[in-house]
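Read from first to last, the chains carry the letters A, B, C, D, E and F; within each, the first residue is number 1.
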């Protein structure tokens, strides 16, 4: 089983999501992925059909700040099919964070479809740290909307952005 | 985000299991892992507390035949803690196949514990192909025990070994 | 382990929900909670973002009729964060009914967040009686909308209110 | 809804388990229960049919040390039906910790049966803190058996007891 | 146990769904049902509250083409309560495909309600073939919307209809 | 879609299980199956590898009493592969009761394997009535072992047999 011929030199992984906004759970997955894969492209989904709190530019900017300490991580955005984006960026792998059970089947459905239409792109799942197991962007927005404290859920600069968004107009 | 300093050159992944015997689902995961990681060590768990049908040597031999086409895959066996084995083999990653829901929580428990006691070893999950989603070594043995056909569930040479094991003595 | 110093005299529990409308499953949980906790505040969520069939006043009135036999149960309504409401009413405990699996992760996410932002408020789960395990307000409304019989799913006075709501205009 | 006639003065809760040995997750649930219920009886199940690592006396002693800071908590042990034990100790409530999904259905089955045969005893579920969501006595024993570090999983005095149990004989 | 008195001669089963559009998974379930039941009525749900891609007529036509090889299968459509439709068509059985876990609880809730309001109509579940376990009409539409290939997911004539729907206007 | 050529006249279904002992949940499924299928063979699994409380003869006898009111139901027993038994009895269908989530994946695994090795035998699932959703033979035996009341869980004649089994010897 000698030489590993044909094994790619640097594996590029895409880590896609809405990141509306990035949470500490997302940061955790990005950090893990950056240790395992040579290059990680964090890909912000631009989905016009879904109401977002932050624009794609705001989300990208918050991600850049939150992940600036990871040298092999880039931020990009996409609309359309994820596998098309992955191919355009030379990625062989899609990374997804699995929190808890509720993610499981949707993620499997996506991975199954992406395998069929993606021509050899593999999906790998990484497990969110326990303390973020029940954390989601939606929950964070719900808490922030009513003035609750979101420290510990998101990076501090994101907490400030959330407070600005929900600050009552005068 | 400049240079990927500190990113490891070749990532070694351990793919542990009982492999009693190896199924087509295991082969599928090993093939996927070999495309994503530079080096994959398939690690046969030697668990004296659990009755196995095949010896560790038989299981290793069947794996070697089933995975011989994958140049960057090695077979080994271990007892004791998986994270100790991983460290000894210079692995940074543990690969686990997720079939269906039933695996989910046990796998998460293991990944959570291995992270705490493993000092930085990451677990990644890969999804078994749909056609193997409900396949397990136990089920294969149960079918073979009563003379049922296990083609499609395991490699042909494993099917022959199963038939020999369960052939009625004269 | 002598004296139970510092243990509160009467534990107040909040039982929150949309109650649009109250079902026999809700009544069941309120009855159980009223046996375990000294004071139970049933809290109707006033969520302008979600289309409700009944107004908060109608829902409160139906709850008052359905739970009138429970002397230590009060009805109130709230918008905003549940933990703020709980603090204002001197509650130490949030009660949630667990029906089946589908509730599980959402409830855990809520309980996890409420613990972090709630400063010591505990969530306890009580199990709905088997016969109500698959009962929900949405399903009841769906059946009533098409003239199906909802006896057994909701108290009789609620069944009448549903029939009035969906009675075809002449 | 005036006076809370008939509401019991001090609610006694039973918190049953094998506790072989007590983990930080068990301690967490006992602490939460002691804040919500006037009196908590931690009940060690003596099940001769199941191989235990520690004797009932050892388990009781470790629990007493781990929970000594909770004045309204007592330790006891039982065999036979839990509802019989609860009745003998004047308990109205059974407390169970829910970790993750895997507990869910077994716990519901038990709660459902205990309600039918228990004559009015209610089961309430409390959620383990996120960091203990994937922690179990079995996993702790498995790690300790092979010399892995169990700090963070169990109280320190339990870690020492585990080390003694698994220390190789000379 | 003698004569099977009172057992119905030909069992009629209703197989309801949105079928927007029919997938290979739906075809698979219809084929299985047609082998087990004497007569199968595939019933297209006309739900004005839910945005459909195809009209009821288009969906019916695609089903007729996809299931034309099954002599004991008819296509119909309905709005209102499924049990009313079933009774009007002399059906004793509702057939539902179970894919994976995500269907489970919703299906059980429906079956439970339909039993109560349906006066003796039984629901039976059939398991989709593994290769369709993660297939859904929504996913197919999502892929087709962005020009992805849906061969293998739907019959060819449906793939053509999807391509027409999403063809950019000039 | 004219004539239903080739559709079988009387569908025979096998309902397999350990039935150690038969519970009211089993009776419920057998009754439902007997309404949907022309002939139902209840098949007692004779598994020497698993300790049973009752012999196959005792289990068969209890089933015969419990299901005596169903004219199109027969009782038999088998060892070996279920699909072989089904073929020998001319059955086209295997019936399984789905209680709750815990059954789900095991049942799907079995159904998937039986389809592959069974040459066209279909598995259909029927849903146990809500009140039996958390009922199992094991739980019933556990309650009976300690003298708890099992009325409502099993037919009365089975309750008597359980009491005899666990009556203390003098």
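FYI, a contact is a pair of C-beta atoms (placed from the backbone, for glycine too) under 8 Å apart; a residue touches a chain by one contact, two chains touch by 3 or more.
Predicted model, so just to flag it, every value in this text is computed and none were measured.
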Higher-contact pair (C-beta pairs counted), A-C versus A-B: A-B
Chain pair equivalent in interface to B-F, over half of contacts matched, among C-E, A-D or C-D: C-E
Rounded Å distance between subunit B and subunit D, as computed from the means of their C-alpha atoms: 35
Where subunit D and subunit E are represented by their mean Cα positions, the distance between them in whole Å: 47
Per-residue overlap in subunit F, given as positions that touch at least 2 other chains: 100-101, 104-105, 108, 112, 130, 133-134
Chain contact graph, described as a line, ring, star, complete graph or other shape: other
Complete list of chain pairs which touch one another: A-B, A-C, A-D, A-E, B-D, B-E, B-F, C-D, C-E, C-F, D-F, E-F
Footprint of subunit C on subunit F - complex, ascending: 100-101, 130-131, 133-134
Residue ranges of subunit B touching subunit A (in the complex, touch as defined): 1-8, 10-11, 32, 34-39, 68, 70-74, 92-93, 98, 101, 104-105, 108, 111-112, 115, 120, 122-127, 129-130
Subunit E contact footprint on subunit C (complex, rising order): 100-102, 133-136, 139, 143, 146-149, 152-153
Touching residues on subunit D, where the partner in the complex is subunit F: 80-81, 83-84, 104-106, 108-109, 112-113, 116-117
